[in-house]
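Let me give you the structure first, and then I'll get to my questions.
Chains: A, B, C and D, in written order; residue numbering restarts at 1 for each.
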Amino acid sequence: MNVAAAHPGFLSPTGVEIVFVLVGVATLAAAVVSVTTKQLVHAALWLVVALGGVAVEYLLLTAEFIAWVQVLIYVGSVVVLVLFGLMLTKAPIGRSPDADSGNRIAALAVAVAAAGTLVWVVVDAFRSTWIDVDGAPQGSTKVTGEILFRHWVLPFEALSVLLLAALVGAIVLSRKQSRQQPGER
Amino acid sequence: MSDALEVILRLLAVLVAFLVLPLVVGQTEHKVMAHMQGRLGPMYAGGFHGWAQLVADGVKFAQKEDVVPADADRKIFQLAPAVALLPYLLVLIAIPIGPGGLVGQDIDAGLFFVLAVMGVGVLGSLMAGWASANKFSLLGGLRSAAQLMSYELPMLLAAASVAMAAGTLSLPGIVDAYAWWWTPWQLIGAVVFFTAGLAELQRPPFDMPVADSEIIFGAYTEYTGMRFALFLLAEYAGIVVLCGLTTVLFLGGWHGPWSDSLGWLWTLLKTAALAFVVIWLRVTYPRLREDQLQRFAWTVLIPLALTQIALTGVVKVVIS
Amino acid sequence: MHLAYPAVLAALLFSVGLYGVLARRNAILVLMSVELMLNAVNLNLVAFDVWLRDTLHAGQALTLFVIVVAAAEIGIGLAIVLLVYRNRGSSDVDRLTDLAEHGPHDPHDPQGEGDGPSAPEEKAEAAA
Amino acid sequence: MTLTTLAVLVPLLPFLGAVGGLLLGRTAPGFARPLAVLPTATAFVLAVVVAVRQGSGPATDAATRLTPTGSVPVDLALHLDGFAVLIAVLVGLVATCVQLYSTAYLRHDPRYASYSALVSLFTAAMFLVVYTGDLMVLLVGWEIMGICSYFLVGHYWETEVARAASLKAFLVTKLGDVPFLIGVFALAADAGTFRINGILTAATHGEIAHPTVVGLLLLAGVAGKSAQFPLHTWLPDAMAGPTPVSALIHAATMVAAGIYLVARLLPVFEASTVTLAVLGVLAAVTMIGSALAALAQDDIKRVLAYSTIGQLGYMAAALAVGDRSAAVFHLVSHGAFKALLFLAAGVVIHAAGTNSLAAMSRMGDLGKRVPDAMWTMGIALAALAAIPPFSGFFSKESVLRAAEHAASGHAEGVPSAVGWLVLVAALLTAVLTAGYATRLFLLAFRGRGATAPEAHGREPAAMTVVLWVLAVPTLAFGAVALVPSLLDLPAWLDGNALAPTLVTSILGVGLAVVGILATYGAWQAAATRRGAPLGAVVTAEAAEEEPALTEAAALQTHEQVYGDVAAAQDPADPGRLLLGPLFEPASHGFRLDALYAKLFVRPVLAASGLVRFLDREVVETYVRGAGGLPRLLGALVRRTQTGNVQTYISVLLAGSVILAVLVAVGA
């Protein structure tokens, strides 16, 4: 990187960096609460915060289109589906004593080890790498549309087929249970 | 410094609009419904034509005790109205009123932004329904969530048709590209968009999730006072946003005679006309049953929206 | 902006999601944690895409694809979880042990049919 | 059409008929009869045309090669000479008669369609054997016949007897076929070709390196197929099949194949004196033994079966003294009258409701009920006994003449001892043949007693007409064949003189008359005992009052009623008087089956028991022991399979983290 020498160090952050770190901390905190809270619906709502935080990070990285997709799909649909699922499986109000399974310790150990390894490797590798976010936006709708429908058309179409298959699959799964237990609707 | 000032001024203007327009719509609804149904009640408060009815309502809401049910999840219960209301405020930022930057913030993917943020509003209903610890509320919340998910799709498709026609996702860009013949061209899309929007707002005749004769008041059963007023405000804000969006997307926004100077007036007029239609529909049509609601979305609106996309694509290819 | 910020954030998010996948008992919460992990990956993809200024924007395209796949995954996954819940009255991951290998002399349900003595009751409850 | 095309059509038509019959038999039963009779009849007509066109001219050869087959090529070769076309006519005639007869004889049979298709296939295979000029192709037909005979003999598979008989026929003939196959390969390896012409050329030039070994190996197959001692034991048991099948197997197809093969390959056998001597001894033993056994049988079909073995012995004897013309002459005439005998016996069985001679001899009017059968059977028995104007006389005289020729040392390459042996055995057999022929006729048609059951009414025309058709060659073939102006048979064959000589004629006819008179005398002597009621003969009453309607039912009840398949306790049997103490062993085929059981079956069973023990107890123990350690390990590993997905993933990810760290540190 020819700009490697020109960029400021870690001790003199730019405004974008400060915002990024702040939002990142909030996101991470929301994620941690989401995976540790004993209230199931709260977990899903904290997940909304975490996903929204990631959307903001996308905006900060000038990937605007992806940020809105993130909001539309994740916050608007995925989390709603998750909440649906939680409510249909009778998530209680208040704390569930058995929200966590028996291998919390092992999970914690593995997660901490993975985090340590990844952070170490990433920091070691990208200590002095600089992203230039001040130039032209990298993820405007025009740019994204052009690359998506010019270079990535075939994967895009394949994905549409996958979505269709998932749609059909979900319908089939739901229909089967209603046929097996007709009294339950 | 002037940049920051300008941004603050714009946001302030949006906030003012957000606070005023829904109230206007609410007042209009009172009056229009009263006239259409021949009701005398709302005609008394304040003397002339019952002009102070809305003020009286506000006072009543403010006076009421803010009750949270004992078994409810307090925080979420209290947070839900805000979650339901905020998205509409955010959306309002992106809707252009007049030419030459008369908009809260010109967002590159404005249409996309609007639809994405509006989708978040559903969380408010779900949170309210679940946190109330009331089976009617839960059912209502689930129903409204299901309804919002179903009608999101035709709405997106209809909006996509317009985006295709204009070749941009920016809302001012779309209005700029508008020509008078777009309205007949995109007529099906307009109807689909408007209908789906109505359903997203759970306005009659799509109000099964909050139908008082069915499940009390759906997700909002346990709410009283200001929090309930916020939900109502969200609904009226939703009407404003929907009508504004329909105006911008399908009716040409500020286009009209003397649009250079009076563009904002055209937008507001068109929006108001649509809002009137919304109210009119409320008093006209009977309520759809829950299964009819879902079937209507999947078997009528989505095929229609797809037809519109195909039509748009064909015409676009032909004229290019 | 330093690339290290998004990269470290992605790594930490990933680890948090990993913890959730491993430690959560409710299947829906596990699915949520998977979403977190996918988001961490997406963040990485976007960051590197912006850093490299890839003319094909492979990172962003792939992010979109991952989001789509995640949506499909959550749809199917929830359908399965709901089916499991209706059949068994529970969506606890650590009780779905039908594939467990019971010892040759283990009298406990040789077909691996149920998941404990309370299963029939809960099923009846769910059916009611 | 050219001669070749016609000749190709001859085996092809019955084959297609068989395929059609098998395909359509179940779906369209109405087509079964036309599909059975028409192709075979057409093939017969074509065979006659081929025979007329080929005549006594030089042999016709044609060959095509489908695909290269390695060092020794295999050709679809055609070889037409007098022998081939003559036997083909016989095969066509008999097969047509059998198919016609079967339409009536098996008219109530539910499996008629598959039966007739198999008969067609059988016929096609025999045509193939007769016409082919390649040893490998001949082998194909040879084996198809083996399979078909297995299915046809086991046609009544509901009965234990038929199942056992079909299995026995298959196994015994295969016992011969294995050495035969080796012999064919050895022969081809020596000659460098599978073409029969090439082999014969090699044989006449003495290029066959191991003529004795090859000859003996081939003889094993021939003995199996043509039912020569010691592999003849399947043939009497094969009587469990339907009577038309017996006629087909005995008269023209299966058993004739062996004789025909030796006739075709005679130069190979002549190359080794040992082989000829062995063949002569086998023929002699076969002739005398089978004739004695025939004299003691109670089952009418078994009598005929042993007579077939004996007549095949005659043919083998003729071959042993190096005269294949005589052998083929006897083969043809025997084919005609033996087919007639079997088909007539079928009519008799049909009418009497039993196939026991003892029972028939107690039915008063059997001869009057089936006059056609009686007359035609009489003619055929006279031919069998070699009474002068009938065809059997001429053909048997040609055999005797050839034997005498060899005995007097005039035959090249044939030791005179073999000639003498064959001559003496043949003369002795002539006496016995006449004896059992007479006995059969007297017991079947000169019975005295209660009226036979009238259950069946008249015999169907298809059956009786066929009998008279076959009676024509039985009466006339011998004489006609030897008159040069009518049908110059010697010219068709090798050209050897076939006409009877004075000495052998007088000797043969005289001996036959002696046999007839002796039997008649014995029969008269036993006349008083003939009054014994049927109850004295049978060990149990038939289960039902109704006589057996079909041959299958007769087979099923035979053993139960008469106590034994082979013999009945009939004191009025003239054979008992003539044979004396020999009667009992002769009726059981000299207990050869029991001997085989002791010599071969029991050791094999014991060996298999030993192998089973070794496998079950010894090898299995090792296997089980070897499985112990893995099972122990498995029990340990099984404990990790808790079914908890999260545990699995935890371990998996911990492993990948460790790997990642290792890679990172290593790098």
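By our rule, a residue touches a chain if its C-beta (ideal position, glycine included) is under 8 Å from a C-beta of that chain, and two chains touch if they have at least 3 such contacts.
Each chain and its UniProt protein: A = NADH-quinone oxidoreductase subunit J; B = NADH-quinone oxidoreductase subunit H; C = NADH-quinone oxidoreductase subunit K; D = NADH dehydrogenase subunit L.
Not measured: the values here are computed from a predicted model.
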| item | value |
| --- | --- |
| Chain pair with the higher count of C-beta pairs in contact (C-D, A-C) | A-C |
| Chain centroid nearest the full-protein CA centroid | C |
| Centre distance in Å when chain B and chain C are each reduced to the mean of their C-alpha atoms | 35 |
| Whole-Å gap separating chain A and chain C, where each centre is the average of the chain's CA atoms | 13 |
| Between chain D and chain C, distance of the C-alpha-averaged centres to the nearest whole Å | 77 |
| Distance between chain centroids, defined by C-alpha means - chain A, chain B (Å) | 28 |
| Residues within chain A bordering two or more other chains | 65, 69, 77, 81, 84, 88, 101, 103, 106-107, 110, 114 |
| Shared-contact residues (touching 2 or more other chains) in chain B | none |
| Per-residue multi-chain contacts in chain D, two or more chains | 644, 646, 650, 653 |
| Every chain pair meeting the contact rule | A-B, A-C, A-D, C-D |
| Interface residues, chain A side, partner chain C - complex | 7, 10, 14, 16-17, 20-21, 24, 27-28, 31-32, 34-35, 40, 43-44, 47, 50-51, 54, 57-58, 60-63, 65-66, 69-70, 73-74, 77-78, 81-82, 84-86, 88-89, 96, 98-104, 106-108, 110-112, 114-115, 118-119, 122-123, 126-127, 129-133, 138-139, 143-144, 147-148, 151-152, 155-156, 159, 162-163, 165-167, 169-170, 173-174, 176-177, 181, 183-184 |
| In the complex, chain C residues that touch chain D | 18, 21-23, 30, 93-94, 96-101, 103-104, 112 |
| List of chain D residues in touch with chain C within their complex | 635, 638-639, 641-646, 649-650, 653 |
| Residue ranges of chain A in contact with chain D within the complex | 101, 103, 106-107, 109-110, 113-114, 117, 120-121 |
| Parts of chain B lying in touch with chain A, wherever the complex brings them together | 71-73, 76, 108-109, 112-113, 115-117, 119-120, 122-123, 126-127, 130-131, 133, 138, 141-142, 145-146, 148-149, 152, 168-169 |
